[in-house]
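Chains: A, B, C and D, in written order; residue numbering restarts at 1 for each.
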Amino acid sequence: MRDITYAQAINEAMSEEMRKDDSIIFLGEDIGVYGGAFGVSRGMIEEFGEERVRDTPISELAITGAAAGAAMNGLRPIVEIMFSDFMTLAMEQLVNQAAKNRFQFGGQGSVPMVLRAPGGSGTGAAEQHSQSLEAWVAHVPGLKVVIPSTPYDAKGLLKSAIRDNNPVVFLEQKLLYRVKGPVPEIEDDYSIPLGVADVKREGKDLTIITYGRMVPRCLTVAERFAEAKEADIEVIDIRTLVPLDKKALIDSAKKTGRVLVVHEACQTGGFGGEIVSTIVESDAFFYLDAPVKRLGGLDVPIPYNPQLEAQVVPTEEKITAALRELL
Amino acid sequence: MKLPKAVHKELYYKMLLTREFEQTAAKLFIQGKVHGTAHFCIGEEATGVGVCSALEKEDLITQTHRGHNQGIGKNMDINRMMAEFLGKETGYCKGKGGCMHIADFSVGSLGANGVVAGGMPIATGAALAQKYRKSEHITVCFFGDGAANEGAFHESLNLASVWKLPVLFVCTNNQYGMSTSIKKSMNIEDISIRATSYGIKGIALDGNDVVNIYQETKKAKEHVKEHGPMLMVLNTYRWMGHSKSDAQLYRTKEEVEQWKEQCPIKRHRAYLLENGIFTEKELDAVQQEAADAVRAAVEFAENSPEPKIENIFDDVYAD
Amino acid sequence: MRDITYAQAINEAMSEEMRKDDSIIFLGEDIGVYGGAFGVSRGMIEEFGEERVRDTPISELAITGAAAGAAMNGLRPIVEIMFSDFMTLAMEQLVNQAAKNRFQFGGQGSVPMVLRAPGGSGTGAAEQHSQSLEAWVAHVPGLKVVIPSTPYDAKGLLKSAIRDNNPVVFLEQKLLYRVKGPVPEIEDDYSIPLGVADVKREGKDLTIITYGRMVPRCLTVAERFAEAKEADIEVIDIRTLVPLDKKALIDSAKKTGRVLVVHEACQTGGFGGEIVSTIVESDAFFYLDAPVKRLGGLDVPIPYNPQLEAQVVPTEEKITAALRELL
Amino acid sequence: MKLPKAVHKELYYKMLLTREFEQTAAKLFIQGKVHGTAHFCIGEEATGVGVCSALEKEDLITQTHRGHNQGIGKNMDINRMMAEFLGKETGYCKGKGGCMHIADFSVGSLGANGVVAGGMPIATGAALAQKYRKSEHITVCFFGDGAANEGAFHESLNLASVWKLPVLFVCTNNQYGMSTSIKKSMNIEDISIRATSYGIKGIALDGNDVVNIYQETKKAKEHVKEHGPMLMVLNTYRWMGHSKSDAQLYRTKEEVEQWKEQCPIKRHRAYLLENGIFTEKELDAVQQEAADAVRAAVEFAENSPEPKIENIFDDVYAD
């Protein structure tokens, strides 16, 4: 295995699939020579040409809908929304059209498309470029929702997303783009099925359930607890919000009896509520030794100032404190 | 260009079939057999019928909420349309879509849309796939005058234009979006001038002249294949209320009556008789055929089973 | 008190406030002579004229943003989105602009606007006209979110929403528009503060927490349990999702020890998760005699066929069964 | 119309102040003192400065992400701008907004926007309030060529047009939206023809001629007060990359150099000297004044306190 970045892993997943399947096209703002706002698609227009890697006008609604329409007509489009905040402009086509199309037409068609968009704060991009909106799309039947936390997962899950016959919202994490991690060689065509959580660290005293860029942060804290022999913490990365690997969560909760749910998105109305409910509604409820707690982002827009920005999401300190409260 | 007799018959039949279908559906409503709402296109039959009859099966359309004429124009099966109307298992959408969501991918309809302008980006994407696959076929995107004020209109026409996609945007301008007159919703008189903003061709036609619409669509298809998108505005009128319940306080009875005189079916009939293309008797027979077909459709629909609750999760996701 | 419909109550709240405060204007599609798709605004254009009751083009994004802009410039607009499904077209202006404006500009301005939109299924309007999207807006700091269940609450809460200096999303329930209930006389200017839950039925054996059109349904079932002497069920109507009256929920959970959360929206990712978490994260956890359960809508788009449509939301039968499971 | 000397000085000073401000801000970036990103308008100073200087304090503006010229044109305080840039408590947004969200309601700026075309509906609404209150003032809405392809553009211009709102839509056409040339994002050469779709007046101007922009804005304001919205396109060019990091592979060095020759500041200076309005020395003094002001702003900003974490919940909601 080589070490490549999360961005490169995403690039490879798209490029490898595009080499094999000419029905895949890729649409988005400045994905061509610019390589995308985060450089994810660098080199792709050179390899695949302007017919397959299409720079679009700034028209999020139309490009999302055009991806859906092309998908209904035999292609497998990938559409990049430059910041996930701008999904707000595309929700109509994503939610009312792409997600419902197959069902409302009695199964006549399908909409095999992937909408990729980066989310999260930490880059100083402030209120309108830093949101984490995964909870919205996870609430829409017909959509699948993925948020990878490592280069390995990003590549493997994106391949599955591209091969999936449904609209998949693939939410990337800005702050992970430059993070490197081990990924199999190019020849080695692996993929990771949607709907399978990953135990990123096994433990027996408490389970952290998290996803996205909070995964490495939770792992750091968990290691510290281990080193200090304070507790042996299991860290589960759900990886896909829809479908959700409920069994993995419930089993771990039963094993450890203590659960902390961590995500960057604002806590109120976040996906954490779904995870908590999944556990307390199940028989894991009877195994719990402590309340199931969430640690989400503060219920404020993401501010610009770097110190403030850093404090609105779960920090290592806050995670540590939350764990101590539960242990 | 003179049209073959068979085409005339087809146009006349489809317009009658649309009207018959809708009048019958309206009765079913009054009888309480239909759930929800419906948007009837009576008075506008020439638009969808004229355009779609000029297309080939492989050409695609996206329909509006007021699109029975579009579907019938594209040769949808009225049995399955009526069954969907009644929410039956044998309907086009297995009873899950209802009359705002009728689709028939097998005849090239990518479906009606409950969202105003909702089909516009989709049509653009369908045409993108056609262009990418170097298809000889085009996509026709129906939308209303009200839809022309949605952002989706602008973004779709612009995108189609910069990519020179084979899509014909057809605006059924029936003068109102619900209760709102175009005089209150836009500050222009001729919607087709909006083509200017995208550097594409725009034309406005009498939307009640089915023969001309048919002919212009044939030409438009060639234009679109060669030059990319085009905007075709069909000026017409909706006779009935916007949907099931509409007191129609926003317009006068006189206005409605004036437009009724422009009935597209009557006009086509007069044309056919004047030009000696068909006799009264022949045309009456066509009318009878339409009435019979609709009667059969109601029977089919009424005798069809309800969908089963245990199938509710089907088709939320594709495998 | 007189009996008036929920629609009439909303009309009265708007009209009365408009009489008193000329900074209130009202924008929306077909709200004028048509009276709105559900007749809510009938008579208003006649009373207030075209300057204050403004029929708009079909442009959800612009009218929502225009309301925000007018609010930033001294007015207090009410905007009606004909079906809450079409908020999908307006999310950018609602979420990125209206909700964040004050915060991102350091408190320079405020955005006193109300966005009214009807949600819910049951009218045969199918997939694209029947969604319940309250969970989305409840996840956005800067917005307040209200869903009234009775004419009394509708009028009192809408008055508070109009007087509030923040963007308030006021989600009405299509199926309640024609329902009548007691409302004080017009002279009697009452309002209901945002953020106060209402115990619609007191009970001691189990708490149902719900809102919107599920409130009357849960009350019916609760009465039946009382009549059958099967259980004494408390029914709490949260009324406002944001701010959420956490204390009321926690206190009731402590009292009864059993909680069922009911809402029409799809269960996955719905606001129920927030309610469940609020309870199990609190000390109410230690009072619980059974898992906290949710009963939400099925995770499917709303189908057209009336039998199917009726079955995708919590029915009296399903509520009954869920209660029995918990008791 | 000849401009008073004081106006000339104001225009020249504000353009220089903008450039000085941005060049300094760019250096702070390189020194790692600024977080996030920034979008510089160097080369485009005449647009915001020319337009806003022609307005009165009570006229409102909505700004773009590339709007330092607009804010400075509208007399924003560069101390507070710079402090916001550095994320300080004394900044316009108390460090919460940063350079994409600078606003000063007290001078009539309803704020910059991080969302392309995001300010367009807002400007429309602000103008609606002006009209409703029978104000004599107008709203100016800045946006870019890229923004002209967003649905918000279409809906806003249409809405403003049907309601005849006093809003001047000013498109800063700098030829690119990020890396995308207008040749690839629209199929027209003159963006101002999009006014046609809304039945309003549209004009296109040399965006580097500050004197003409000022004069045309004065006229446009009168037009807008009387007839409702107008679209003014200012053709110009961005010298620097789109934002902090941009390899600029999408354009040639020659193209950039050609446009640099059209430098709006140089042009204005030449005009002032040629017409004997100011001497070299006087103009040098103005330049010095701008440099001093920016130096003072940096000092102010650097000496300002960071915002406090305990105030994080302030202003999420108004009381």
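Following the convention adopted for this analysis, contacts are C-beta pairs under 8 Å (C-beta built on N, C-alpha and C of every residue); 3 or more make two chains touch, one makes a residue touch a chain.
Fair warning: this is a prediction, and the values are worked out from it, not measured in the lab.
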item: Fewest hops from chain B to chain C - one hop per pair of touching chains; value: 1
item: CA centroid of chain A to CA centroid of chain B, Å; value: 40
item: Approximate Å spacing (C-alpha centroids) for the pair chain B, chain D; value: 45
item: Rounded Å distance between chain A and chain C, as computed from the means of their C-alpha atoms; value: 30
item: Computed distance of Cα centres, chain D from chain A, in Å; value: 36
item: Chain D residues counted as touching two or more neighbouring chains; value: 93, 95-97, 101, 113-115, 118, 149-152, 155, 158, 162, 184-186, 316
item: Chain C, residues touching no fewer than two other chains; value: 56-57, 59, 61-62, 85-86, 89, 92, 96, 103-104, 126-128, 141-142, 299-301, 303
item: Arrangement of touching chains [line / ring / star / complete / other]; value: complete
item: Interfacial residue positions of chain B with respect to chain C in the complex; value: 35-37, 84, 87-88, 93, 95-98, 100-101, 113-118, 146-147, 149-151, 177-180, 184-186, 246-247, 249-250, 306-307, 309, 312-313, 316
item: For the chain D and chain B complex, residues of the former touching the latter; value: 149-155, 158, 161-162, 184-188, 193-194, 196-200
item: Contact footprint of chain A on chain C as seen in their complex; value: 61, 85-86, 88-89, 91-92, 94-96, 99-100, 103-104, 126-128, 131, 133, 135-136, 138-142, 241-242, 244, 265-266, 268-277, 280-283, 285-286, 290-294, 299-301, 303
item: Residues of chain C defined as touching chain B within the complex; value: 29-30, 32-34, 37, 55-62, 85-86, 89, 123-129, 298-301, 303-309, 311-312
item: Interface residues, chain D side, partner chain C - complex; value: 60, 62, 91-97, 101, 103-106, 110-111, 113-115, 118, 120-130, 132-133, 151-152, 155-156, 158-159, 162-163, 314-319
